[in-house]
Amino acid sequence: MTPLPLLLTLSSLLFTLGLFAVLTRRNVILILVGIELMFNAANINFIAFWRYGPPDPDLIGPMFVLFAIAIAAAEAAVGLAIILMGFRHTRSTDLNRLDSLHG
Amino acid sequence: MISDPATSLTSAVLAPAVDDDQLLHVSLGPQHPSTHGVFRMNVVLDGETVVRLKPVFGYLHRNHEKIAEGTSYLASMPYTDRLDYICPLSNNWAYARAVEKLAGIEVPERAEFIRVILAELTRLINHTAFAGFILGDMGAWGSALMYAFREREKILDLFEELTGARMMANFMRFGGCRNDLPDGWSAKVSKLVDEYGPFLDEMEKFLVGNEILLSRTLNVGSLPKEVLINGGITGPMLRAAGVPYDIRKVDPYGIYERFDFRIPLGATGDCYDRIMIRFLEMRESLKILHQALDQLPDGSFIHPKAKIRNFKPPLGEAYARIEGPKGELGFHLISDGSTRPYRYRIRPPSFINLTLIEDMCLGLDLADVVVILGSIDIVLGEVDR
Amino acid sequence: MEPSADIKRLPAPARWSIPGIGLLKGMVVTAQNMIQSYYRKERMTTVQYPEERAPISPNFRNFPFLCYDGEDPKAGLRCTACTICETECPPQCIYIVLERDANGKSLKRPKVFDIDVSVCMNCGICAEVCPFDSIYMDGEYELSKQDRFNGLLFHLDRLAKSADYHMKLRPKEAGEVAARRKVEVDKKRAVQAAKDAKAQTDKDMAKPEPTTKGEPA
Amino acid sequence: MTALLILSPLILLAALGAVWLARPVHAALLLALTLVLTAVYYLAIGADFIGLVQLMVYVGAVAMLIVFSLLITRSGDEAEEIARRPLVMVVGLACTLPVLLVLLHSISRAGNLPPGAAESPAFSLAQLGTALFTTHAPAVLTVAVLLTAVMIGAALFARGAHASSVHRDASCVTEFSSAPRHASCLTESTRKPPTPNDS
Amino acid sequence: MSLLDMSSGGPSLWAPEWLPRLPQRLVEMLLQYFGAPEWLVTTAGWITAAATVVGVFLGGFALLSLVERKTLARVQNRLGPNRAGWFGILQPVADGIKMLTKEDIVPAKAEWLLHLAAPILIVMPSILALGVIPYGREWTPVPLELGLLFFFSVGAFTELAVFMAGWASGSKFPMLGAMRAISQMVSYELPLIITTVGVVMITGSLALSDIVEHQVGFHLGFIPKWNIFTPWGFSAGIVFYIASIAEANRCPFDLPEGESEIVAGHMTEYSGFKYALFFMGEYLGLFAISGLGITLFLGGWQAPLPGLGFVPSWIWFFAKLVVVIMSYLWIRATFPRVRIDQLMRFAWLCMLPMALLTIPAAGIWVFTANPDGSHGILGWLTTVPLLLIPWIIITIIFNRRISPATRSYTFADS
């Protein structure tokens, strides 16, 4: 039996967990944690399809994961920079207090 | 009392309003590797930036002044050794001068020369050790400190030969010194003074151009002259800021008028200037030592009528000060005519220099606090007394 | 006192320097120190203590001892229990009890003479103030004890040391003292002898005085 | 398959902890653990390069950044209890459970994927490099531009923040020399209210 | 079949080149002799090989802790430890006994699990990283194709461990130390990794043994073809060296444990064996990062001069390791510590641009190579200015910023 369905289930669960974190957490940084989990779930899917899916001579799956990792890193960097900027103004990372758009 | 907050130093640094719960309260000391003893600073940090700093004194308080009011004048002499234990002999001298002033005792010329030699050797010890300590505070792994201590040991050996103890000398007496120089002692001092110049050259080569030292000390911890003067800062810290104030010149005591030496002055008063001023002062001390050793007269080392037991100065009051290695060291004595001083009070340069530490540190890093504290050059024995 | 125009630059920082040159200079200094520590005595001043000992200068002082003449510490003790040192001692570490005979008359020697060397701070004032050349500062320094209280409380038997010991320890000082004491003792003997002779010639019944010695109180 | 059976419960548990735990630092560390375990799985199935890159970038950079932000904002110590806010719980579950159901449903219907397709052999580095700089060259360029932009952007953010804090600014040093402004600093330094730590 | 049968392939068992692998070969032969199955022989061989490396470097750790103290003592005109054993040779043993018998204190506010995991996690990556370095011609414990990437990937755990140590201690100095450590390591890992990109470009492989093989041979018959002797390699080597000091938390970048400021940083609340583990991790990390630097820029196990090939290659590697580590000690004995903002500014404004510049320089170097692999004047003419001019600019900025020449001292007249 191919582990593909199992892997896909794993990634769906991870994705859902990430989504749940994004929806329920109040701390902006922890929302970022959820987003990273969702990225990770997507990456697992790509690897799973490359490994257990149809033949993939162009290595599209790993390639996609590589780019996803790069973009996730960039996203984390910029996201955290923005969070820190907001933190300097409000002295808080609580999303409910980051509601004003002016400094 | 509080002026316009917008113009005050602290609020300028605190410009972004900072919640107190976002700050980190750190207690540097009383057990901390670089508080130079049991001293404590309650530091409030924003990140690593100091927003508040409160020095807490008194962990080494020994009740020296009160004890001195309960014993004879002579019995306080060994306790003065323990004030600034890096340089006991200048403490001895300051106290002896205060008592001599109180009782009107003359000091023989030879004793004055011996005192000058010892005081300048003490200055060498203090400033050399200072260079080692501040490098240790900056995190150099003890090399400078060990070189400094190596040279200090040589001077301490000489002290031991003369006074019987390396640090706790208890050497000065009212009207002179306790004993005469041993045979060949002054020749040994001459040799040491000759060898000290090359050592200073080496230390300067080691430190002066060091880029990390420069970047750690340049423009760190300077305060405007007026603040320093108002704060009562004396000694190399004040002179590093360019204030020409050295008691050996402005209020000459002993026989300092006979010697040719100069007072080095800095410009900005930052930690780098404080280091350099001390190096320059050591050169001047060497000059004084050369002259004093050349001119050392024969004669008595103590006033022949000096009393050891049952010493009762007349009713009166005296304040005598000397330029200690750390600043103006003064003793204030009030006599009620008995064998015990009615009031005994010290003006400790370490303590008074330390009072401005918050103003020097605000807005700087935690690492700078340590360097600034090192550049003030305190000895906790003198701060807490 | 004004700043003079005599402006002097300190050893040298060149106006332009390559970053790191100062650090390299420092490294040269440390390397020199390391290499020279193998062959230059001034660089390597360490004395490996228990095996080799640094010479002690004759002036070195540690804790006090009591000097006695002759062989018997009890009889030859110079101390008269005058308690001057006890009162002058800054940390009050000396405790003296005068010995009295059955009638309560002073025997002018201490029954108890204790020095708590855990309190003593080696200042040497006791030796300075002693008018009887009795108390001197010792040069002994290996005094660590397991027992912190009793071990460091020195009694009379521990404190009493002979004049020969003092002579060995500090020849110059002890020599002066011995010479002075000799003169004094001779004078006293002479006076005593004259007195004795006078008493003898008075030929009245004079009890045979023991010729120990009497120090002026 | 063995690797997957061992690792997937661990991954899920770690992820659950990352989502659920109250203390933010625990959540961040468990996120790191999730990512590490995923990387271990990648290594186990032959995607060495991806696994190592995942370790390096996620553990070395992203997790560290998150943890560092938690430290800086000092939210590392505040507990955040999701469970204490039932409304949020309900809303969160209401939004995520349908997503999960849809996903699982589609997976269960995807039984007609090519079953047991030939397992791709572990690719070599040369293969990857060739593919990266031929087939995917435009994407590489795009990502390069993106990363450059991010670097400049993050630097600008940080710089702006730096300028706004007075900390060790050149102006601070020069201000010191204007004596009259600071003549009051002796009294000023005692102005602070006592802090709890001062006792 | 004789136990010491030489005919079973491979070079002679006793050849010096194979000496470090002797334990492995002995174990394999012993198992074969007793007719163990093939998988057992292989596994046991691998375990023995790994144990050899770990053993060698744990011995090196013990030795280095002694050598460091002795060297620093000599620099400071002291004697250093000389009581335990001959010349203090047993001092590490004494230290170890002391560390093991000390009380293990876990602060009341600490998170005990993370507090326990941190010292383990800090030793683990260093040992893993040591596994991929080629120590000799025939001695690469784990010849990974992705060796370089593996090295940096496992290195990422060090930061995590330091953070865990600092945060889990539940105390303020460790927290400050952890913040310093993370910002420092993240900042210096970047130039560290980027400088290696040039090497990878030149070599065309991530395998560390390939990188060493690529540096074989001599220019003009006596200058080794090491990467350090090329313009880009020289620049990259300097950046790598500085960044590796920072990465190993050595003086002058020992801010995370800067003992004069924050007591011992993230290790403040540790005692006993856990504290010793931190030291072990630090020293093993030092070995690993120096070994990587040697592999990348100093020709790995290759002899520095022609005609010295008869010396076993691993001896050259360890000789180079000793030299590099002694330079660390020398620096530690001399330099004061920098401040955190200077550290960060240095990393981002000096190290990172210089590291980035080595990549185009290495690219140009590859492009201007002659078909036979030698380099003409063109490569030098293009890469040298490319790398030199930024250094000059940095010098100018440096001189503007900190120059003692701006200071003058006057003397007061009496």
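Just so it is clear, A, B, C, D and E label the chains in written order, and each chain counts residues from 1 on its own.
The rule is simple: contacts are C-beta pairs under 8 Å (C-beta built on N, C-alpha and C of every residue); 3 or more make two chains touch, one makes a residue touch a chain.
In this text the structure is predicted, and so the values were computed from the model without any measurement.
Chain centres here are means of the Cα atoms, and by that rule the chain farthest away from chain D is C.
No other two chains have as many C-beta pairs in contact as A-D.
Each chain gets a centre from the mean of its Cα atoms; the one farthest from the centre of chain B is A. Chain centres defined as mean CA positions place E nearest to the mean of all protein CA atoms. Centre-to-centre spacing of chain A and chain D amounts to 8 Å, using the average Cα coordinate of each chain. Distance between chain centres (mean CA atoms), chain C to chain E: 58 Å. Inter-chain centre distance (chain B to chain C, centres taken as mean C-alpha positions): 29 Å. Chain D has its Cα centroid 72 Å from the Cα centroid of chain C.
Across the assembly, chain A contributes residues 88 that each touch 2 or more other chains. Taken residue by residue, chain E touches two or more other chains at 75-78, 175, 179, 333-335, 341, 398, 403-404, 407-414, whereas all remaining positions touch fewer.
Each of the following residues of chain D touches two or more other chains: 49, 53, 61, 65, 72, 164-165, 168. By the touch rule above, chain E contacts chain D in their complex via residues 114, 145-146, 149-150, 152-157, 159-160, 163-164, 167, 175, 178-179, 182-183, 185-186, 189, 205-206, 341, 348. On the chain B side of its complex with chain E, the touching residues are 24-26, 32-34, 45, 48, 135-143, 145-147, 150, 208-216, 218, 242, 244, 246, 249, 262-268, 272-273, 276-277, 280, 365-370. Residues 72, 75-78, 172-173, 175-176, 179-180, 251-252, 254-255, 258-263, 332-342, 398, 401-404, 407-414 of chain E are the ones touching chain B in the complex. Those residues of chain E that touch chain C in the shared complex are 71, 74-79, 330-331, 333-335, 394-395, 398-399, 403-405, 407-414. The touching residues of chain B, counted against chain C in their complex, run 71-72, 74-79, 143, 147, 150, 153-154, 157, 160-165, 168, 170, 178-179, 182, 195, 201-202, 204-214, 242, 244-246, 249-250, 262-263, 265, 276, 279-280, 308-309.
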